[in-house]
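Letters are used for the chains, namely A, B, C and D, taken in the order the chains are written, and counting of residues starts over at 1 for each.
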Amino acid sequence: MSTAILETRGLNRSFGAVTAARDLNVRIDTGEVVGVIGSNGAGKTTFINMVTGYLPPSSGEILFEGRSIVGQKPRQIIRSGMTRSFQVAQLFPELTVLDNLLIALVAAEGPRPSFFGGLRSRERIRRADEILDEFGVVRYRDTVVRTVPQGARKLVDIAMALIGKPRMLLLDEPTSGVSVEEKFPLMDTVMAAVRQHGVTVLFVEHDMEIVERYVSRVLAFYSGEIISDGQPAAVFADSRVQELVIGHGHGHVTPASQRSAA
Amino acid sequence: MRRTTSRIVPTAVALAASLAFAAPALAADNGKFRIGVVTFLSGGAAGPFGVPSLNGAKVLVDALNEGKLPAPYNLKGINGVEIETVIVDENGGATKQVEEFRNLAERHKVDAVIGYISSGDCLAIAPVAEELKMPTVFFDCGTSRLFEENKAPTYVFRTGLDAAIDNIGAARYLVDSGRKLDSVASIQQNYAWGHDSWADFSAAIQQLKPGVKVATEQLPKLFQGQYGAEISAISVSRPDVIHSSFWGGDMEALVLQGAARGLFDKRAAVLTCGESALDRFKGQAPNGLILGARGPFGAFAPQNPLSDWFRTAYRGKNEIEPTYPAFKMAQAILGLKAAVEKTGAKPGTIPAKEAVAKSFKGLNFESVSGTVQMARAGGHQALQGIAYGEYSFDAKSGKATLANVRHYSGECVTPPDGTTAAVWIKAGFPGAQCK
Amino acid sequence: MLRLDKTETWLLAATVILLTAGFLLPSWLTFILTLAFAKALVVQGVVIQMRAGLVSFGQGLFFCIGGYAVGMGGAFLDVHDVFALIGLGVAVAVGVAAIIGLLMTRYRDIFFAMLSLALSMILFGVIVKNPTLGSTDGFNVHAPTLLGWAPQGQEQKLAIFVLTVLIAGGLALALNRYMKSGLGGVNEAIKENEIRVEFLGLSPRWILYANYLFAAGISAVGGALTALATGHVDPEMAFWTTSGEFVFIALLGGTTHVAAPFVAAVLFALVRTYALELAPHSWQMILGFVLLAIIIFLPKGLWSLVAGKRRAAA
Amino acid sequence: MTTLYAILIDGMIYASWLFLVAAGLTVIYGVMRILNMAHGSFYSIGAYSGASLVGWYFAGGDGAPYWSYLLLLGAALAAGLFIGLLVEQGLLQFMYKRDEILMVIITYALLLILEDATKLIFGVDPYFTYQPYSLLGRSSFGELTFANYDLALIAVSVLIGAACWLVLNRTNRGKVLRAVIQDREIAVAMGVNVKLMFAATFVVGTTLGALAGALTAPAISVSPGIGVEVIVLAFAVVVVGGLGSIEGAIVGALLVGLTRSVAVHLAPQIELFVIYGVMSLVLAVRPQGLFGRNLARKI
């Protein structure tokens, strides 16, 4: 019997008239790799935003490793061991990839960065280079992020999320805006890294092939509710999922990528 | 990026150095008598004070260089040496002025500095002038603190009057003119000038007519321009007299808006700086409005060969009557000339600054405002009377004149040395000699 | 580690050169330099906030506090030692910053700019309303002493120049370390993407707060030195146009290098002095055009010129 | 009692003036996201052109005095159009890519330039063109007298406020404008000519500024530096009301205007702080101003 790392009870959230989350009860066990599918506006990102403290839920309970984290700031949740990546990579566009990682490393060392200890310490640069290597983006080391291709940016984004040595990682559409040929290599790299760190993963994804290939379990969202939860095969077989999610899902792969590219 | 300092540091030093050596060239010792003239060329004080004073300076300096002045100033330039002016804008705050003063003294190597309208600038400059041993003539700033803080001056002189005198004079004028005077309303610009003026006036009026009530004290921001609320507040408080030290555009705006709203109907109002707009009101000011000129200047200046000459020369150049700032500047320059020439240095030479300061101390000299005695602050502060009069506009001729003018001698309105204006007023003007 | 990097070596060199220059240059020039360096310290305060994406149009607040601390310390507390006076200024400034910083760090962009402007204008108002502080006229600073030594006249000016150069040099070293430190890096990161910083587990607000206090402290030193040099303080120091000047100089130099504000401040002082002589009626206009030119042609400030040259040379 | 309605009328008059001064600023910010420091210069340029034109007209002597009001408007329009086009076409249009705060500094440079330019063109002598002000006479309420010109100003600014609001909320042009405000990219995609919109908006903004100046000119003595004086005021009003919102500017002006007139009548001592006090207070409670929208960033 494995233990729940993340659990939500009766989570609700509405924006005015729109309900983005209705009575979400999710339980994710340590070591799972969970995929979240659903058409746009189904409430996937809202779910991640609530869990990571960016959006306060209208009502409901969120437990991380048994402790309630509702009302905590994102930074507190991050420090307690749950980090996330973003649909549109959230980086420091005018800084080099290396500096992006160095700052993530500084952050990982504690909430009060030193006034005078240099940012580019040998130790940090060594660690950063390891990470660059691990994620296969060495060639962008000294490039300004603004000019780095989407796929690489996504990797850096995820790498920065992993630097904090989280026990749980939430990936928001890791392959959106990434070219078809880049997708699988990217996911392979990510999952390899994740497995190596032994991190529990939940990721939102439109691309069903990706989901099928990497997850042990699927949550299907539709208009703020979970309409199906279980083994990928089972979920995909579900008629409602077929009709409400996959139909839309595929239809929305391209728009999604456009959106995040913009 | 790191390595770049290597270039910038030397460049900066080189730049500084080159300037240092450029400096003497700039202050070419051309044998002329160099005067730094500092007055407002921008900002709100430029129009009413700065430019008239600068025009006054130009008229006078040109005429002096051509030796056109009536006696006793018919000696060309200053002591026979041609005058050259270095003009500096007084705008920008005391810190900048101190910087510029040092430039004048050490880079331009001027022989004397004349200027400063802002009291803040005078207070900041005085110690620097003493430190640099630079004869400095303040022509307009009125703060009483000038010689209260700088007790033993050597090089600092003021040919203009202490602002306390404006307000003591104003109080006397009101009392002597026998008006109904049970309550006074005050409207001053909200800065040192306004605060001090009101402090002096209210103290003086209390002395001269005990029991006067203060109807209201309005302190609008400097350069506010809109006085609707203040005018209502004053009207509501129903004072017999309104006192204001407003100057420049603010004063004109107050008069215009007040007149349009009947503020000055059936009550007296005294404007201590009013004369500077005598010819600008064009009948918009009500007849009977009491105006001052911060001394016997402008329209209050006595008839004498010098003032007649100055008026004509000024009109000739600027098509308008010279106002008091022009007179005060002229007075400062004449004072300096008189002081230099009294050193006895042989004509055509520039005496040492120490000598100039020595002979300026306690000097008596003829001026566009009559005879001036440097008889206060140990001979560093001019002692002169003050005058007030009522605005009277003749619609037909379109000319404005002053009616019911009263003059008060310097001894009547000026505190003797060794006491501050405030103390002197509180004590009931001991030793004041008024006819 | 106390190994000096290249910048630091050069900063030390510059400090030494300037110290010697102080004894050779004419006193009007050393005076301009004194004021310029003092001003540059305030500009440093503006710059470190710019690096975090905040533009302060009210740095004059702390400049003024520093200056008045010197003036009032001498006039009312009978403190005359320069170090005590400067310390006093810094203490008060940081104290004030610690309070209003709690409010300020909630704002970004123009709101930060406007609110900082409003706050410094409030101080301006308070002083103007206060006759014992000389209202708009301000008041003169008592002659200071250096650890018991009371220099006079020329000697005093020189002493203050030396003091200013030493303090400026020291602070430049510290700032250089700060800019290259972890915290310095995070400050730039906040400018780039505040949300990401939050999602790295840091508190942007706390970091901006620390930055704000630091900036306040430096600016106060600048104010104190200015007051000591000119021997006079007045509320103009807190007026918004004064703060505008600091922003002006910050842009002139650029935010990329610790030495830039110093060079920019010197250039500014010289440009202004000469503009004032060449065109006493339109020197502001000249400044305006210079500022525009900088923004249009050198968006990263004069420093990019030097940096650019280097790149070209390399 | 008297004091009460004195406070109200004075407050109204001052508020309407504040609105006149702030309207142009908020319009420009609302559409272009430019916090225009040079707005004060537009105000003073308007004031100077109005004053000099009217002064010249009356110097000419004969001529129906009432035409002078048209001259004021004419001067304001001419000045606004000219300087607006000059600045927008000559400078700003190349700067729209820059970020908000840099635009503030660019307009600060503009302010420095325009201040001296005005001085060089119009000189430093105060312009004192009282005729349009005294022409309308006065009216008395009980023991208080007001200048009809000031009362008329209330009407004018109400008109202008209404006009701005209607254009923005009730016309197609306005709807397009609001689209531009909401999202520039989408507006462009929709084929809106943003360049034109911006140019038009800026000119309207400057003209409003110039108009405020021209309408104030007869009541004051126009002298150097009046521009700089109004900037901070206008900022305060706009920031209180919420940057870029006309409704905000109206409410901001009323709030500041009335508070100030209360202070003047009941506690003259604090007059100097009122404006910044109100501003800091509002910002502390509602950072985006009373009517300002604050958009949470989407991630």
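Just so we're on the same page, a contact is a pair of C-beta atoms (placed from the backbone, for glycine too) under 8 Å apart; a residue touches a chain by one contact, two chains touch by 3 or more.
Since the model is a prediction, treat every value here as computed from it, not as a measurement.
Chemist: Need the central chain here, defined by C-alpha centroid distance to the all-chain C-alpha centroid.
Modeler: Chain closest to the assembly's C-alpha mean: C.
Chemist: Select the chain at the greatest separation from chain B, using centres from the mean of Cα atoms.
Modeler: That would be chain A.
Chemist: Consider the two chain pairs B-D and A-C; indicate the one with the greater count of contacting C-beta pairs.
Modeler: B-D
Chemist: So what's the Cα centroid distance for chain A and chain C, whole Å?
Modeler: 43
Chemist: Please compute the C-alpha centroid of chain A, do the same for chain B, then give the distance between them in whole Å.
Modeler: Taking the average C-alpha coordinate of chain A and of chain B, the gap between them is 74 Å.
Chemist: Could you give the separation in Å between the centres of chain B and chain C, each centre being the mean of its C-alpha atoms?
Modeler: Inter-chain centre distance comes to 35 Å.
Chemist: Please set out, as single numbers or ranges, the residues of chain C touching at least two other chains.
Modeler: 128-129, 195, 281, 283-284
Chemist: Among the residues of chain B, which are close enough to touch at least two other chains?
Modeler: 41-42, 190 - these are the residues of chain B that touch more than one other chain.
Chemist: What residues in chain A touch two or more of the other chains?
Modeler: 90
Chemist: In the complex, go through chain B and note every residue touching chain D.
Modeler: 41-44, 46-48, 50-51, 190, 216-221, 223-226, 228-230, 232-233, 235-236, 248-253, 256-257, 259-262, 277, 280-282, 284
Chemist: Quick one: which bits of chain A touch chain C in the complex? Just the residue numbers, please.
Modeler: Those in contact with chain C are residues 52, 73-75, 78-79, 83-84, 90-95, 99, 102-104, 106-109, 111-120, 160-161, 164.
Chemist: Show me the residue ranges of chain D that touch chain C in the complex, using the header's touch definition.
Modeler: So the residues of chain D touching chain C come out as 35, 91, 94, 98, 100-102, 104-106, 108-113, 115-117, 119-120, 228, 232, 235-236, 239, 243, 269, 272-273, 276-277, 279-280, 283-284, 287-288, 297, 299.
Chemist: For a test of understanding, state which residues of chain B touch chain C in their complex under the given definition.
Modeler: 1-9, 11-13, 15-17, 19-20, 23, 41-42, 86-89, 93-96, 98-100, 102-103, 105-107, 118-120, 123-124, 127-128, 131, 143, 145, 149, 190-193, 195-196, 199, 222
Chemist: Note which residues of chain C are touching chain D in the complex, please.
Modeler: By the definition above, chain C touches chain D via 55, 57, 103, 106-107, 109-111, 113-115, 117-119, 121-122, 125-126, 128-129, 195, 240-241, 244, 247-248, 251, 281-285, 287-289, 291-292, 295-296.
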